[in-house]
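Okay, got some structures for you below.
Each of the next two complexes has subunit A plus one more chain, namely subunit B in the first and subunit C in the second.
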Partner chain A sequence: MNDRQLLVRDLLVLLALTGWALALPGIASDFVIAMALTCLMYVALSTSWTLFCGATRYLSLATSAFFGIGAYTTAVALEHLPWVATIALGSGIAALTAVVMGLAVLHLRGTYFAVLTFGMAELIRHAISYFEKSVSGTVGRVLTVVPELQTIYLTVLVLAVGTVGLSIWLRRTRFGLALVGIGADEQRAQTLGVDTRRVKVIGFALTAAVAGAVGAAMAVRWTYIDPHTAFNPFIGFQTVLIALIGGVATLWGPLLAAIVFSVLAETLRLQAPQVYMMTLGLLLILCVLYLPGGLASLRWSTFQGWRRDMAGWWKARRHEWSGDKEREKQRARRQRVLGA
Partner chain B sequence: MHGDSASSAPERGSSVAAPERVPLLEARQLTVRFGGLVAVDRVDARFHAGELVGIIGPNGAGKTTFFNAISGVQTPTSGRLELAGRDLTGRKPHQFARLGLARTFQTPRVFADLPVAANIEFGLKFAGRRPRKWWLWGEERGVSWALRDAQSILSLIGLTAQAGLRAADVTPAQQRLLEIGMALATRPRMLLLDEVAAGLTEAEVEEMARLIKRLRDELDLSVVWIEHAVTVLLRYVERVIVLHQGAKIADARPHEVIRDPKVVEAYLGDEIIELDKVAA
Partner chain C sequence: MSVTAWSELLFSGLITGAIYALVALGLNLQYGLMRILNIAHGEFLMLGAYLTWFAAVQLGWSPLLMVPLAFVGLTALGLAIHWLCFRRLTATSPNLDVFEARGLMVAFGLMFLIQNLVSWIWGGDLRGYDFLTEPVKVAGGQFAGNKLLIFALSLLFCGAMIALMRMTLLGKGVRALMQSPLGAQLVGINVRRLHPLMFGIGLGLSGIAGALLSMAYTISPSVGEPYTITALIVITLGGFGSMGGALAGGLMLGIVEALGMHFTNPSLKALLSYCVFIAVLLLRPRGLFARA
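Moving on to the complex of A and B:
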């Protein structure tokens, strides 16, 4: 497929998925809609995460901070502002935070970057807790006027579709190419004329803007918001896990993994929360060991390859257990003795 | 042979450079210090438009550090760097690239997962990008014909047949060519080559040297070339700068340099026999 055909395919798939998601509230129960909402939330979060972190290979653990900033903005501003403005504000504040954070830590790479982003997320969480306790005199905020589930669903759907669309588009721009270049060899990209610092900060802010908007939209699902639920680090970790298992360099991987995850989460988490966490861990290990490209890199030939490997392994075992291997070894030894 | 000898350096094999001519790139008292170690010690060097200059020196002479400093990868501790009279000191590497200084790296640093053609296009899309004839339409302005697109650059370096392969899948020698192609894609005024012939066979080194000379002649570039294979380098360049322990000890035509007692001493007889071969 050439580039144009790929673009048409991606857009058609996105259109079809959007159609299904739009039709869902008309045919499904509230439980299914709630599940789809979580799914869409993770689609938006992990797609926006791969947009920057997947391409540049900067592992950011700050998603929960941006999500929390969005959620907290809603908690404070929803009474005074209309719904869309609240989300735009949450997204904007998260992006601004990312610019400041990015300027401070984006010159670091690898583990240092990951640890520092996580540290900064914790710092923001504790700073807000402290502020609420000592200045506002509360430990949390109650949301009184909350939009309907339908409105929230549509908002998150728009955000998810927008993020995937943004990802499709960015892959074909100079900006996307610059991100890939930074991921492959940052210094080389720099000597070929990429202003790496600017590109990284803008990319990081873009990720944060989406996470902030999703946080702002999802906050109304909880009627009571305190810093520890809004800045739950688990949301950040799960975003990264979904992206890694789905495939960080792919477009559809995070979406695929987000669907798998939310189904797993809703079916397993209530009955057997430990099993859910163990499944996450196991999937991650399996993906890292056997499927480094993620779920989206699975092809029919991958299964065929596994089948061939298994068949080969089984043949070797049979050869060993039947005693043929030992006999052949002895025969070879005898011949060597005779030959000498 | 120190300092002022640069101004009397020969130009393209012709007579003597006019002293008032502004060099394309000029380093003045360039110093790079790592803690207590002085890697580059107050080096003065001038590179004129269209020149092919070699930089040699024994191991640890500070060649690559000097190179990193003049290509913007390493910020010099002190000293000044000017490109056609414009101060470059303290600028970022991407600005060096946009102003027309392109470099290669000692070990090829190609984008391994991208196809060969996409590797070339990368430079064309960033430092090599020029305004188009009619705003968003038409060919790019002020670009030499040989560098007009990825295909033309690939045919210039002779990698047309490999255009569709992943950069990781071509041979090391081809990766070195690709590395030069990526630098050319930034449409430079000056090409800085860091040991492009290292690890190549003798025939390949010869071919590489011819390619460098041809690029200089056809594209009107100035080329600065660092190399360990001194013998080949001395046969092709017009001027040689010799670095030893971070300092410049010679700056003259190849046949003058190899008779310079300071150079002979610095190499400690190492490659003098080979140097004599050049003179012959």
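Moving on to the complex of A and C:
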């Protein structure tokens, strides 16, 4: 397929999925809609995460901070502002935070960056909960007026579709190519005239803007918001996990993984939360070990490769257990002695 | 404030600092030698603490007996984990950067796995037992006996670890591998044997820390995470890969926390350590004691 055909395919798939998602509230029960809502939330979060972090291979663990900032903005501002303005405000504040954070930490690479973003996310969480406790004198905030489930669903759907669309479009622009170039070799990209610092900060801010908007929209699902639910690090972890398990360099991988995970989460988490988390951990380990390209890289040849590996392993074990390996070693040793 | 109060405050900081140092030493060994940033390190501490609690309460064993047992058990667990996960990861990763990123993810997986396994088996309640709680008078101040024991044993094991690194052939091999992996292999240091062993010892140290911790504090399945973060802070303070730096950094952080909590507000503790962490990473990313 050439570039144009790929674009048409991606757009058609997106259109079809959007159609199904739009039709869902009319035909499904409230439980299914709630599940779809979680699913759409993770689609938006993990797609926006791969937008920057997948392309540049900067492992950011700050998603929960941006999500929380968005959620907290809603908690504070929803009483005074209309719905759309609240979301825009949450998104804007998250992006602004990302710009400041990015200017400070984006010159670090690899593990330093990952650990620092995590530290900053925790710092923001603790700072806000301290501020609430000592200055505002509250532990959390209660949302009194919330929009209907339909409105929330549509908002999150628009955000998810927008993010995937943005991702499709961005891959074809100079900016997207610059991001990929930074991921491949940052110095080379710099030499070729990419203003890497600017590109990285803008990319990071884009990720944060989406996460903030999603947080602002999802906040109304909880009627009571305190810093520990809004800035729950688990939301950030799960976003990263979904992106990694889906495949960070791909467009549809995170979407696929988000669907699988939300279904898994909603069905398993209520009955056995620990089993769900253990499955999550085990899946992550297995995925990193055996499928480093993610779910989207799964092809028929992958299974064949695994079968070949297994067969090779089993052959080596048989070779060892039957004593052939030991005999061969002895034979080689005897020949060495005779030859000397 | 009187001299006694000051010494009690400083000493309580040193006690927590000694545990921080012990946890950080293990993490530092793993990161400095193998570039495995084991974010699940605190979970192994929690596992050691739960094993000790289980042995003390259910089986009636002395917690002191559990200190070496936790070390042996967690070292064995570490060998198994290295054999199952990191051996393959080393073989399949194209370069060290990719290995580091993937290793971090595997460690996240381990974190979820262990934390939830423990809370599945033993539940999420706070657990604890009494051990040597009578206060002891030392140098004018009064301290709980178990905390003094924790302090002494932590320092002892830290010292033993540093001596192992400085004085034995094994330690020399490890330091050589940290300096130059290729050069060390050229002179015949066996990576395939040293890497699993050091990973195991790193976990073993956190097991000891957990066993000691359970003697004086109550434990829950989420007790490990703050220690992971603290250990990260300590090894950034002391410099990645530096054993003496980790010990000094741990004690220092303990004192800073104790002083900060006394003079400001206990709920600021986490905020304080994150501020120290971010400031050090941004200003002196190679550690406080690194020579430029």
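The working rule: the second predicted complex is superposed on the first by the 303 of 340 C-alpha atoms of A that agree within 3 Å, B and C clash if a C-alpha of one lies under 4 Å from a C-alpha of the other, contacts with A are read in each partner's own complex, and residues count from 1 in each chain.
Everything below uses one rule, namely that a contact is a pair of C-beta atoms (placed from the backbone, for glycine too) under 8 Å apart; a residue touches a chain by one contact, two chains touch by 3 or more.
Keep in mind that what you see is a predicted model, and the values were worked out from it rather than measured.
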Combined model on subunit A where subunit B meets subunit C, clash or fit: fit
Touched partner set for A:195, first subunit B, second subunit C, both or neither: first
Dominant toucher of subunit A (residue count), subunit B or subunit C: C
First (subunit B), second (subunit C), both or neither touched by A:237: second
First (subunit B), second (subunit C), both or neither touched by A:164: neither
Which of subunit B and subunit C A:115 touches, first, second, both or neither: second
Subunit B versus subunit C as contact partner of A:289, first or second or both or neither: second
Touching partner for A:225 - first (subunit B), second (subunit C), both, neither: neither
Minimal inter-chain CA distance - subunit C and subunit B, angstrom: 7
Contact residues of subunit A, present in both the subunit B and the subunit C interface: none
Touching residues (chain side subunit A, partner subunit C) in the complex: 57, 59, 104-105, 108-112, 114-116, 119-120, 122-123, 126-127, 130, 133-134, 237, 241, 244, 273-275, 277-278, 280-285, 288-289, 292
Complex contacts: residues of subunit A adjacent to subunit B: 174, 177-178, 180-181, 184-185, 187-197
Subunit A-facing residues of subunit B, complex: 71-73, 92-94, 96-98, 102-103, 105, 109-114, 122-123, 125-129, 182, 185-186
Residues of subunit C that touch subunit A when the two form their complex: 35, 37, 85, 88-89, 92, 97, 100-102, 104-106, 108-113, 115-117, 119-120, 229, 232, 265, 267-268, 270-271, 274-275, 277-278, 281-282, 285
